[in-house]
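Naming follows writing order (A, B and C), and every chain is counted from residue 1.
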Amino acid sequence: MAGKGGTTPATYSPSPATAKKKPPHLKEDWLRPDGRGFHQCRPAFFRTGAVNAASGSAYAEFGNTKVIVSVFGPRESKKAMLYNDTGRLNCNVSLTTFATPVRGQGLDHKEYTAMLHKALEGAIIVESFPKTTVDVFALVLESSGSDLPVIISCASLALADAGIMMYDLVASVSVSCLSKNLVIDPILEEENCQDGSLMIACMPSRYEITQLTVTGEWSTPKINEGMQLCLDACAKLAKIMRLCLKEAASDSQE
Amino acid sequence: MEFVSPEGLRLDGRRPMEMRQIRAEIGAVSKADGSAVFEMGNTKVIAAVYGPRELQNRSQQISSQALVRCEYSMANFSTGDRMRKSKGDRRSTEISLVIRQTMEACILTHLMPRSQIDIYVQVLQADGGTRSACINAATLALADAGIPMCDLVTSCSAGYLNTTPLLDLNYVEDSAGGPDVTLGILPKLDKVTLLQMDSKLPIDILENVMQLAIEGCKAIAKYIREVLLENTKQLEYRRGV
Amino acid sequence: MIRIGSLEAIIPWNTFRCFFLNSLNFPFPTKRPCRSFQLWSRLPARITQSLLLHSHLGENGINRLRDTKSNSILALPLLLISLIICECCRLTQLLVSLSHEPRFPSPAVHPLSRLWSGSLPSHDPSLPRLILGSKVVFFPRLTLISLQGMVSLSLEEKHFIKGGIAQDLRCDGRKRLTCRPIYVETEVIPQANGSARVRMGATDVISSVKAELGKPSSSHPDRGKVFINIDCSSTAEPAFEGRGGEELSAELSISLQRCLLGGKSGAGAGIDLSSLVITEGKLCWDLYIDGLVVSSDGNLLDALGAAIKAALSNTGIPRVQVAAGASSDEQPEVDISDEEFLQFDTSGVPVIVTLTKVGKHYIVDATSEEESQMSAAVSISVNRQGHICGITKRGGAGLDPSIILDMISVAKHVSEQLMNKLDSEIASAEAEEES
């Protein structure tokens, strides 16, 4: 039963039949499909400089979730825009047609776009590039759960790679609530049957939350627990991100 | 389909020459310079006027008169079947244009050169005659905003079904496919500023139908005037004049 | 108000501003800080002669121009001109106070500098006036409002708002955690299954619920579907014209979905989706919840949340009889009752409380002026059990986790009051409708 993700049915079966089965996570001895502990993140992989044409870019891989973010600019703001003595941030998140299990249209993801913008705008020192715009384009190559946190973390890495001034790196992690358990960094199957989710984007060194969303019903102690879990994971994630940046810097010096 | 029963009653129980109940209220949107709600039976629209103010887009500036702009939009829940529309489809663009032209004819635009007046009409419920209701609401909102006008424009529709001229068509009568005349007049000056007709109608009957619509417009004008007067009295009272 | 013989005029500020300043090439008394009617001499004599002035111009623009004899609305340029003379004392004071603002150090660096023309009076170039073309004089504050289509306050007003909040006394006399009065009106859209209009101060929203028969999604055959869609009418704000309101509409829709629909498994949803199923896997109710922002003065999300709650408790879903004996492959035949309606259970629908952080403190039910000063806002939806059903954060500034936890406990407290107030308002609105 643990390998729900691995054993795809060989023949097509209408979904009502499969959905009748009791959701696996309600069982006592439930294990996560990929064998992780409840509070264990997927191995994170970051690499900067994935896109040559961009002023900064980063590639992130969390399990099967693969995201590439490129940052262009700062460039001149459009003439039509009103004068602004701070910089502007322009974000766009899109999915490839093959990113989701069901073939999608590869459309722009408006919700993620708005969330990415909000998560990043608090971290960037917009005063450092007046009258100009920075474009952040995120492309989800493969969507396999916790997409938005991966996009946010990857985007902040790409911004750092582009040399945009920031107060701190933004690391982001989500937890899912499955009946009684809190599982961190959920994969797609877990997200599909979650009772609630909590996502935090934060600046670990400043210990400030830039974006927070909660869905589903939560009691206060549970929110506390979820937030603490996320914040700890964010701190660890930021270390990995920092390491990746250092590596890239030392590579270029050689 | 029978739209007028042998007893001379219409589907909603009105007489052919009878208008639906009208109700108007000034000041629905407190942030706007002028606003009004206008109801004709089940049709209900809100109009808000912003301006006269500086031009948003300087290239549109007219140095001799004010620029009048209008946007018409329908709420998702305004019709019986829920519809998913995008702003700026062809129908609303056309109605926006009709309202704009009608209102422009009565606003003394030459008094406010190099400025802009925005009229926004939002349909909350549509049950036939939205065009007329929008124009009436816009008139009230303009008056509420204190924009100089040469007269109050009022509008009313009339149709011709089952060889009977009918005043103020509702949605069922409107969608019957018969002739439908929408008329806008300047009641004091006795001038027609808007005349639209779908389908066809013999000329002598058109005269009758138009006359009916004019009567309707005048009745509405009378009501609008009363509402404005009442509102002015209220304002005066509040200021202790 | 102005009288000339039988003529009376009450004219809003905007109208004469544009009209008058345009047509007269009005010379503002820049040397002397006013109170003198020195201007009079510059106006054509025939105007000044016949005026009997009586100024009653108050705070909010006054709204009528009419002839007492015929009661018709008319335009009388003379009246407009006389009125601005009445007003000029106040105007110049406004000008003088604005001129001290550090926001406009010199025309050259001001964002609107391209609008400044070279025809400024030579004696006082720092005076913040705006000259469009060669004639029109506008004030920066007013100009900013219409150029950006949003609240733009002078520095003094910003300090005033922030200082008030710090001292627990806001511009409208409320305390930090006091809401504006809520007015609820139900059954406003007869075509819908349920509808409500909610007003909080100058914020005015309408919400309607329409139920249509549909097919459950294949992944969740035991659940109905709910769609939430918010529209921002351009009547509320000229900036919402055309596609201008779409961004805000999308943001509001997503936040409301997050707050009302719960997690993917359906747990904790304010609306019980399984109650919408008629035949499992085949037939269910699709609820279309539409919101419309008619007038906006801040705190839209809370108002929309309240309107949706009121509309849902007003919603009657027709009872459906499914014809028995239909084979499992076909769509079952249904008979929708015209008379019997099932009331919707709304006890689980949460209320949304937005805490807006201004300076060091946070406030509930912010007006748009206050919102323009916010550093961050957290919208928390809380149900009757005191459980959190969704959180959305807006605004760029980062928040310390402890502040967020504190906000959550404050929101819980406020939500109880709000929930009770809303329930009693809904009950009285429904009682009124029945009587």
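By definition in this document, contacts are C-beta pairs under 8 Å (C-beta built on N, C-alpha and C of every residue); 3 or more make two chains touch, one makes a residue touch a chain.
Chain-to-protein mapping (UniProt): B = Exosome complex component RRP41 homolog; C = Ribosomal RNA-processing protein 42.
If you're wondering where the values come from, they're calculated on a predicted model, not measured in any experiment.
Traced through touching neighbours, the fewest hops from chain A to chain B number 2. The chain occupying the central position, as judged from C-alpha centroids, is C. Centroid analysis (C-alpha atoms only) places B farthest from chain A. The two chains most heavily joined by C-beta contacts are B-C.
If each chain is reduced to the centroid of its CA atoms, chain A and chain B end up 51 Å from each other. Look at where the CA atoms of chain A average out and do the same for chain C: the two points lie 33 Å apart. The distance from the centre of chain B to the centre of chain C, each centre being the mean of the chain's C-alpha atoms, comes to 25 Å. Touching of two or more other chains is recorded for residues 147 of chain C.
Looking at chain B, one finds that none of its residues touch two or more other chains.
Shared contact sites, meaning residues of chain A that touch two or more other chains, are absent. By the touch criterion stated above, chain A contacts chain C in their complex at residues 14-16, 19, 23, 82-85, 110-111, 114, 118, 121-123, 167, 177, 191-197, 202-203, 206-220, 223-224, 227, 231.
Interface residues of chain C, counted against chain B in their complex, comprise 1, 10-12, 14-15, 17-19, 22-23, 56, 58, 61-66, 71-75, 77, 132-133, 136, 138, 142-143, 146-147, 149, 188-192, 195, 202, 204, 206, 208, 210, 212, 229, 231, 233-238, 241-243, 288, 290, 292, 294-297. On the side of chain B, the complex with chain C involves touching residues 28-35, 42, 46-48, 50-54, 56, 63, 66, 71, 73, 75-80, 82, 84, 87-88, 108, 111-115, 118, 120-122, 124-125, 143-152, 188, 225, 228-229, 231-232, 235-236, 239, 241.
On chain C, the positions that touch chain A within their shared complex are 111-112, 147-148, 218-222, 247, 250-251, 254, 258, 261-265, 267-268, 280-281, 376, 378, 383, 387-401, 404-405, 408-409, 412.
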